[in-house]
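Here it is: the structure, laid out below.
Think of it as A, B, C, D, E and F in the order they're written, each chain with its own count starting at 1.
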Amino acid sequence: MSLPLVIELTILVLAAFLGFEVISKVPTMLHTPLMSGTNFIHGIVVVGAILVLGQADDTFTKVVGFVAIVLASANVVGGWFVTDRMLEMFKRRPEPRKEEKQ
Amino acid sequence: MISDPNVVDLLYLVSIVCFVLALRFLSSPKHARKGNWLGGAGMIVAIATTLLLEGIGNWLLIVVGAAIGSAVGIVGARRVKMTAMPQMVALFNGVGGGAAALVALAEWHRTASPGGSETVSIVLSALIGSISFAGSLVAFAKLQELVSGRPIVFPGQNVVDAVVLVAAAVFGIAAIDGANGHWVLYGLIAFALLFGVMFVLPIGGADMPVVISLLNAFTGVAASATGFVLHSTVLIVAGMLVGASGTLLTLLMAKAMNRSIANVVFGAFGQVQRGPGAGRADDGRTVRATTAQDVAVQLSFARKVIVVPGYGMAVAQAQHDVRQLADVLEGRGVDVKYAIHPVAGRMPGHMNVLLAEANVPYTQLFEMDEINPEFPQTDVALVIGANDVTNPAARSDPGSPIYGMPILDVDKAASIVVLKRSMRPGFAGIDNELYLDPKTTMLFGDAKDSVLKLISAVKAL
Amino acid sequence: MRVAVPRETAPGERRVALVPETISKLRETGFELRIERGAGQEAGFPDDLYQEAGGELVGADALLPGAAVVACVAKPASERVVAMDAGTVLIGFLQPLTDRGAVDELREQGIIGFAMESIPRITRAQSMDALSSQATVAGYKAVLLAADRVPKLFPMLMTAAGTIAPVRALVIGAGVAGLQAIATARRLGAVVSAFDVRPAVKEQVESLGASFLELGVRVEETEGGYARELTPEQQAEQQAALEEKIPDFDVVVTTAAVPGRAAPRLVPTTAVERMRPGSVIVDLAAETGGNCELTKPGEIVVHGGVTIDGTTNLPSLMAFHASQLYSRNVEALLRHLAPEGELVLDWEDEITAGACVTRPEAAS
Amino acid sequence: MRVAVPRETAPGERRVALVPETISKLRETGFELRIERGAGQEAGFPDDLYQEAGGELVGADALLPGAAVVACVAKPASERVVAMDAGTVLIGFLQPLTDRGAVDELREQGIIGFAMESIPRITRAQSMDALSSQATVAGYKAVLLAADRVPKLFPMLMTAAGTIAPVRALVIGAGVAGLQAIATARRLGAVVSAFDVRPAVKEQVESLGASFLELGVRVEETEGGYARELTPEQQAEQQAALEEKIPDFDVVVTTAAVPGRAAPRLVPTTAVERMRPGSVIVDLAAETGGNCELTKPGEIVVHGGVTIDGTTNLPSLMAFHASQLYSRNVEALLRHLAPEGELVLDWEDEITAGACVTRPEAAS
Amino acid sequence: MISDPNVVDLLYLVSIVCFVLALRFLSSPKHARKGNWLGGAGMIVAIATTLLLEGIGNWLLIVVGAAIGSAVGIVGARRVKMTAMPQMVALFNGVGGGAAALVALAEWHRTASPGGSETVSIVLSALIGSISFAGSLVAFAKLQELVSGRPIVFPGQNVVDAVVLVAAAVFGIAAIDGANGHWVLYGLIAFALLFGVMFVLPIGGADMPVVISLLNAFTGVAASATGFVLHSTVLIVAGMLVGASGTLLTLLMAKAMNRSIANVVFGAFGQVQRGPGAGRADDGRTVRATTAQDVAVQLSFARKVIVVPGYGMAVAQAQHDVRQLADVLEGRGVDVKYAIHPVAGRMPGHMNVLLAEANVPYTQLFEMDEINPEFPQTDVALVIGANDVTNPAARSDPGSPIYGMPILDVDKAASIVVLKRSMRPGFAGIDNELYLDPKTTMLFGDAKDSVLKLISAVKAL
Amino acid sequence: MSLPLVIELTILVLAAFLGFEVISKVPTMLHTPLMSGTNFIHGIVVVGAILVLGQADDTFTKVVGFVAIVLASANVVGGWFVTDRMLEMFKRRPEPRKEEKQ
C-alpha cells in the first residue's frame, strides 16, 4: 500500500499551499491561539507512534514506541486543552445594537 | 479491525478535512473555538482508525502510554496560569517533536538501513524533531525562568553552532549514504539536540513567542516527514499544514513585532534592536507595545469603551478619524463615550472645538466628574494623545508638578490602550506611571495613522 | 448701451448695485458704464477701483440722463425717478407687492421697472435670484447679531473652570435665510433646532445637521416653493406650540414670510415672557411687520431681559459681499435683457415678463 | 464664615463674582453667603435665583460689615474698601502690577487682598486661573466683534450668484485668548493664520487647523509660560515683517501681552494704512495700551476705512458665561483658602503666598 | 521520451504549482497578469510532458488538431471586441467541456465497460462536460444575439427539464450498472446536451455572467473527472482547482449582483426580480448598477478623480466620509478635486458648509467654471448624491424645467460613478439622461454607507 | 501506475479546498478576468485529449480524440489570450505621490 514518492510529494505540496492560504489573514490577537492550535494538530504524530508501537515486537522498538506515545499524547491532549483555554476569552460577543443612532 | 485500505484512507481523509477546517476556523475570532473542537474530532477519527488497523498489537502498552501522556497533558494544561500559557505551548510542541524523532528512530531500528527516500525521511524526521524537542524545552525553561530569560551568549558562538550543525548533517548524510547501525542515528539525534539547545539559548525572552512558533512549524515538518517514513497521508498532510501555516504565522508574528525572523534568531549575536516603546522601568515593569490589530480585537469585543482625547489628537488632527472609529464601534454594539478632561489640550475647550468640528454629538462628551465613576465598569480606556491628564502621579506623588490636579481615572478601566508616538512626556514634562501599568498597552505612532489603522482592523474583523 | 449705477440714498443702505468686477466684465460685452461718484464707498469699493475696471465716474446730475438702464439696489427716491428719461429700464428691489405707489410713479414716468424680487424662481433664473443671495447674507448676519448680543458663548467648552453649556438656538422658517442661519449657528457650535410649515423642509434642516422641531403645523408649498398663509386656527395652534417650546432656547432667529403678505405672527408676547433673561430673538421678518409680536422694525427692544432685534436690511451690514452677490444677480439679468449689449425685451419670455412691473403700453 | 458678593460698580462691568450655582455649592460646605441686591442682574442671574440658591440678599450698606471674605470681579471703589473690616479677605482682579496705588490702599486698610491675576500658573491652580477663563471668553468675543464689523462673510460660499471668498484672519499672540480666537474664526469658516513669538506655539496653532505665520521673530518662554519682552530691534523687525504680510488679511485679532508691561506695539499705523478698506483689527491688548499704534482703549477708531476696535473688558460683554467661569475660579480659590469653611491662610503654600498682594504684617 | 513515471509526476507537480500560483495572482489586481503568464507556463509544462510520455503516437493528428484549435482560439480571442469578451469566455469554456466529454467517450469505447470507479468517472465527465458544452454554446449565442437575449420560457418547462435530466441519469446509472455498448454513452451525452440547452435558455442576458461562471466550474469538475478516468493527478488537481474556485466565484458574482444562485438559475421560472437600479430605457439603453469594489478599483487606478457632491451627500451627512475617501485616494497618488455647483444642495453654499465642517481645504474646492474644462481629462467623476446639477438635459432639452442652467460637465469624464439610493429624480423632478450614458455606473444606496464601503474597498486593494 | 481511488480523492479534496481558499478575496472588478483565467486552466483537459489520441489505434478513438484535441486546444489558447487582453487594463498603476500634503 505504499504510494509512489512523487504522489506523496504532490500531496505534500498541496497541503503546504493550503496551510499558507488558509491562515493568510489572522488578527494578531489570534496569533498565540492559532500557534497553540497548530501545535495541537501536529500531535497527529501520535498516529505514527501507535503504528510503531502497535507493530513492535522487539523490546527496543517497544520502549522507543512507548516513550513516543507518551510524548505524542501529551502533545495532543495538552495542546488541545491549552488552546481551548486560550480561546475561552473569545466566547462572549455582544450583539450589535439594533437601535438607530441619531 | 478495519482491513479495507480504502476505508482506512477514507477515514484519514475525514480527519484531514477536519484539520483544514480547524485551521480555517482558528483564524477568525468568531469561529476559533469551533475550530479547536473540529481539530479534536479529526484527531479522534485519526487515532481510532489507526488503533483499529489490522496488525496493530501491544494494546496495553499503547493504552498505558497514552494514559500517562494524556494525564500529563491535561494536568499541565489545566493547572497552568493564563500567563504561563506560552511555555506550555513550548513544552507540548517539544514533546511532539520528540515523538517524531523517536518514531524515526524506531523505523531506523526496524529496517536497519531502508535506503532511498525512506532514509531521507527518517533523517529529516529525526533531525528536525530533535531540534524542535531540545529547542522547545530550552524555550520552556527560559519562560518558566528555570534558566535566565536573557540572551545567553558566549564568544565564538556562531562557530560552535555551525560545527554542531555540520556534525549532525554528517551523520545524516552517512545514513542516507547507506551507513547502518544504530550509532548513525544516535549521533544524528545527539548533535541535533545539542543544536536545538544552542539555537534557542541566545534568544531573549521577549522574542520567545516567535521562536516557539518557528519550532512549532519545525515539529509540523517533522511529523510530515514521519508520514513519508510510514507512508501515511494523514501524517503528511496534517504535518505539512502545520509546517506551512506555522511558517507563515512565524512571519506574521515577527512582522507584528516589527522584527525580521533573521533579526529574532540572530539578534543576540549582534545588538538587539528595540522598538521605540520597548522601555523597561527600573523595577522590572516594562512597557508593552501592541499592534492595531490587537487593539481592534480588544475594542470590538468590549462592551464599553471610553475615549480619552488629549493634545496629541489635536496635533495629529485625528478628530475626524476618532469619530469614525467610535461610529464603527458603536455600529458593532460597543458603548462609546468621550471623557474630556478640563485641561486636555492647550487651551480651554480645545477638545470641544475639535470634536465639534468632527461632529461628535455633545451628548457623547462627558466631563471628568461625570465620567470618572464609569471607568471601573469600562473594558477599554482608549487614550488618544493624552498624557498628563491621565497621570496617576497627580493623585499620589506630592513631589510631582501636577500633584493635586484632578485626573481622569483611566487606570481603573479593565484595560488601557495609549496612542502616542513615543515615550516622551507631555506638557508637564514628567513620566507617566500609567504606561508601566500591566493593564496598559501602547500603540506607538502618529495618532491619526494609528486610528486609521484601528478603523481598518476593526472593519476587517 | 449705457448703464448707470447711482449711489444708494435710502437711509442705512450701504450696498451698491454693481461692483467693479462686474463692471469690467460688462464692459467686455460692450456695455458702457457710468457710476456715480462714491457709489461703492460704503460697501468697500472705492472709486478708483471703478475707474480701473473701466467705469466712468460722474456726479449725480450727469448720471441718469441718457442711461438706457439704471441699476440700483433699493427703489430710488422720487426726485431721481423724475430725472430718468422715459423708457429707461430700472432694475432693483422695487417692492411691487408692498409699495404700489412707487410702481405707479414709475409707470407714470414711463420707466420700465424690473423688480429683482419678481424674477420667477425657476431654475434658469437662479443666477438672477437676488432674494436668495441677499437672504443668504441676512441669515448669516442674523446669527452674528444674536451671538453678539447673547451673554453666552455658542459652543460647549469643558474647561478647568467648569463646563459651558452650548447655546440652544431655534430657527423659525427655514427658507434660504433660515437655512443659512442654521448653518452659521451650527458652525459656531450651537445646538440648533428649526421649524417650518413646509413639510419638505424637514429633510433640508437635517441635511445641515440640525434637528427639526415638530410643532404639528403643516401647509403646502406653492408653485414657487413658497409657503401659503396659515389659517387663523393654524396660527393659534402654532403660537401655542411655540410658547411651550421656546423657553428652552437662548437664541431664536425668525425668518418666516409669505410673499406679499405681512409676516406671520409666530412669537406672541406671552412666549417672549417665558424666555430666560439674556435670551435674544432676531427677527428677519421685521421689515414686513415681524414674526414676533414685540418686534419694532429697525429697533432693538428689550422686554423682560429678552432682546428682540428688529434690525432691518441686514445684508446692508455685510455690504461688501452682499453687493458682490447682488451685482452678479443684476449682471445676469442685464445679460438676459440685453444679450449682445443692446436691450431686446422679449415679452414672451418667462423671466422678462415676470420681472417687469411696469410694462410699456406698447408691449402689453 | 461669611462671604460677601457686591454688585460691580466699575463702568461697563456686567459680571458678578459668584453665580447662584456656586452659592449653593458653597452653602453645602458651610459658607454663609450675602449677596448685594441686583449683583447678578446684568449677567443674567436675577435676585430670585440667588435666593433659591440659599444666598442672603442685602442692600449695599449691610453687605460688607462682618464679611470675612469679599469676592468681587474688579477692584472695588475706594468708598467700598473703606467699608470693609480690617482683616477682611478681598478676592478679585486687583491689578497688582499696574495699579500699585490701589494695593497700597488695601494694605492701609488692613485688607488681605488676593489678586486673581497673581495666582501662580501651576497645574494645581488651573481651576483658579481666572486669567485663562476670562481670556477664553475674550478670544471668542473678539472674533464675533470682528465678524460683526467686517462687511464680509467669514465662510467661503459657492452660490448661483458667484463665489464668496473666505475671510482671511490673522491672530497675533496665540496665548489662551489667541488660541480661542483662532478656533472661533475657523469655526466661522475663515482661513486663519497666527503668529506668536514663543516657539512652542507653532504646534498649538497647527493643532487647531490654522497655519503659523513665520515672521522670523522668536523669544524664549518664561517659567510661567509667558513671553519675554522683545528687544527694540526685534520689535522693529517684527513690525516690518507684519507690515509686509498684513495687507493679505481682512481681520486681525491681536492679543500679544507681556505680564506687567505695556502691550508690545506690533501693528504700526503704516501697516494699517496698507490694509484694504473694510478690514477690521480687534485689539485685545487695548487695556494695556494696545498692540496697534492706532488703538484707543475703549474706543472704536476708523482709519482709512480700517476699523480698529479697542473695546476693553470683552468678557463683560459675555457676562453670563464669563461670570459662570469666574465664579468657579473664585470658588476654587475660596476652597483653597478655607478648606473646611473657615479661613486657614498657609503662607508656606505656593498659591496662597503667590496670590496674596497685601499680606498682613503678622504673617510676613 | 520520458519513461520514469516519477519524473513525469514531478513535471506534472510543477505545472500544478504553476496553476495554484496563477490563481493566487489572478485574484489581486497588481499581479493578475503575472498569474496568467504563470498559468501559461504550467500548461506548457503539462502539455510537453504528456507529449513526451512513452507510448504516445499519432503525432501528426495531434499536431494538426492542436494547430486548428489554437488558430481558432487565437483568432477568436484577438479579433473580438472588448465588449464581446464574455461570449468568448463562454465559447472557450464550452469547447473545454466538449473535449472532456469526448475524452470520456473515447475511454468508454476503449474499455467498453470498465466498471467500478472508472465508470463513475466516465459518466460524470461525459454528463457534466456535455451540459457545459451545450449550455455554454447557448450562452454564447444569446450574448452574441444569435438568439434573443431575453429569457425563453414555455409552460411546463420545469417538467420537461426534469424529464430530460432523469433520462440522462438513467443512462448514466445503466452504464455504471454494467450496461455496455456505445449506445449507453450516446444516450447519456444526447440527453445531457439537451439539458444544457434547456438549462440556459430561460436565463436572461443580464444574468449570463453568473451562468457562464457556473458552467466554467462545471467544466473544471468534468476535467477533474477525466483525471480520474485517466489516473492523471494534474487533471484531477487543475480541474478541481477550477471547479472549486469557479463555484466560489459564481457565488461571489451572484452576491455582487445581489442575487442568489437559485434566483439566477430559476429566476425566469418565477418573476425575474430586479435591483433598485436595473432600469431599462425605452431605447434599449440600460442603467448599470455596480459594486463598491468595482468602483474602488476604478478610483484607485485613476489618475484624476473629481468629486461632485450634491444634496444627497447632505441628506446622508456623508461629508466626513467623502473627505476621508478623498484622503485615502490622495494617499495612493490619485489627484482629487471637488466640483461645487453653484446650486448644489438646497441653500446657497450648502456644500461649502458641509465640506468646511469636514475640514476639506478650500484649495480643493472648485467652482463650476474653473472645473468644467477639467472633466475631459478626468478618469472618474464621482457624483455623490447630486442629480439636477449634472443633468445634460439642461444643455440640450429646451422643454426641460432646468433648461438653461449651467451644469457640471461630468458626462465629459472618462467614466462616471453616481452614488444615490434609487432612480428617483432630484429637486427638479425630472429624469437624468446621464444615468443611461454607457460610461455611467450607479452605486445604489445611502451615500454615507456607499462611501464607507468605498473606503474599505479601496483600502483592501 | 494507477493510484488507489481514495488517494486520488484525497488529492481532489485538497485541491478543492485550495481552490476555495486561494481566491477567497477577489475584488469584483477581477471577477471576469478570474473567470476567464480559470476557464483557461481547465483547458488542461488537453492533456487528456493527447493521452487518448496518442494511444488511439482504432478510427473511432482517433476521430473522437482528434475532435477533443481541437476543442481543448481552442480552450487553452483562446482562454489564455482572452484573459491576457482583459488584464491589459490593469497594467499601469501610478506611483503613490511622495510629497507630503499639508
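FYI, a residue touches a chain if its C-beta (ideal position, glycine included) is under 8 Å from a C-beta of that chain, and two chains touch if they have at least 3 such contacts.
Quantities reported herein were computed from a predicted structural model and do not represent experimental measurements.
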Longest centre-to-centre distance from subunit F, chain (CA-based): D
Can you tell me which chain lies farthest from subunit C, using the average of the Cα atoms as each chain's centre? A
Contact-pair count is greater, between C-E and B-C, for C-E
I'd like to verify one number: the distance from the centre of subunit B to the centre of subunit F, where each centre is the average of its C-alpha atoms, in whole angstrom. 38
Taking the mean of the C-alpha atoms as each chain's centre, how many Å separate subunit B from subunit D? 56
Suppose each chain is reduced to the average of its Cα coordinates; what separation in Å results between subunit A and subunit B? 16
So which stretches of subunit B touch two or more other chains? 5, 20, 24, 233, 237, 317, 342-343, 348-349, 353, 356-357, 359
Going through subunit D residue by residue, note those that touch at least 2 other chains and give them in order. 126-127, 132-133, 136, 155, 157, 159-162, 164, 187, 189, 209
Give me the residues of subunit A that touch two or more other chains. 1, 3-5, 7, 10-11, 14-15, 17-18, 21-22, 102
Using the contact rule from the top, write out all pairs of chains that touch. A-B, A-E, A-F, B-C, B-D, B-E, B-F, C-D, C-E, D-E, E-F
Could you pull out which subunit F residues touch subunit A in their complex? 1, 3-4, 7, 10-11, 14-15, 17-18, 21-22
Subunit E residues touching subunit C in their complex are 311, 314-315, 317, 342-343, 345-350, 353-354, 356-357, 388, 394, 401-405, 428
Which bits of subunit E are touching subunit B when the two form their complex? 317, 320-321, 323-324, 357-359, 456, 459
Could you pull out which subunit D residues touch subunit E in their complex? 155-164, 166, 189, 191, 209
Touching residues (chain side subunit C, partner subunit E) in the complex: 122-124, 126-127, 132-133, 136, 176, 179-180, 183, 186-187, 203-204, 206-209
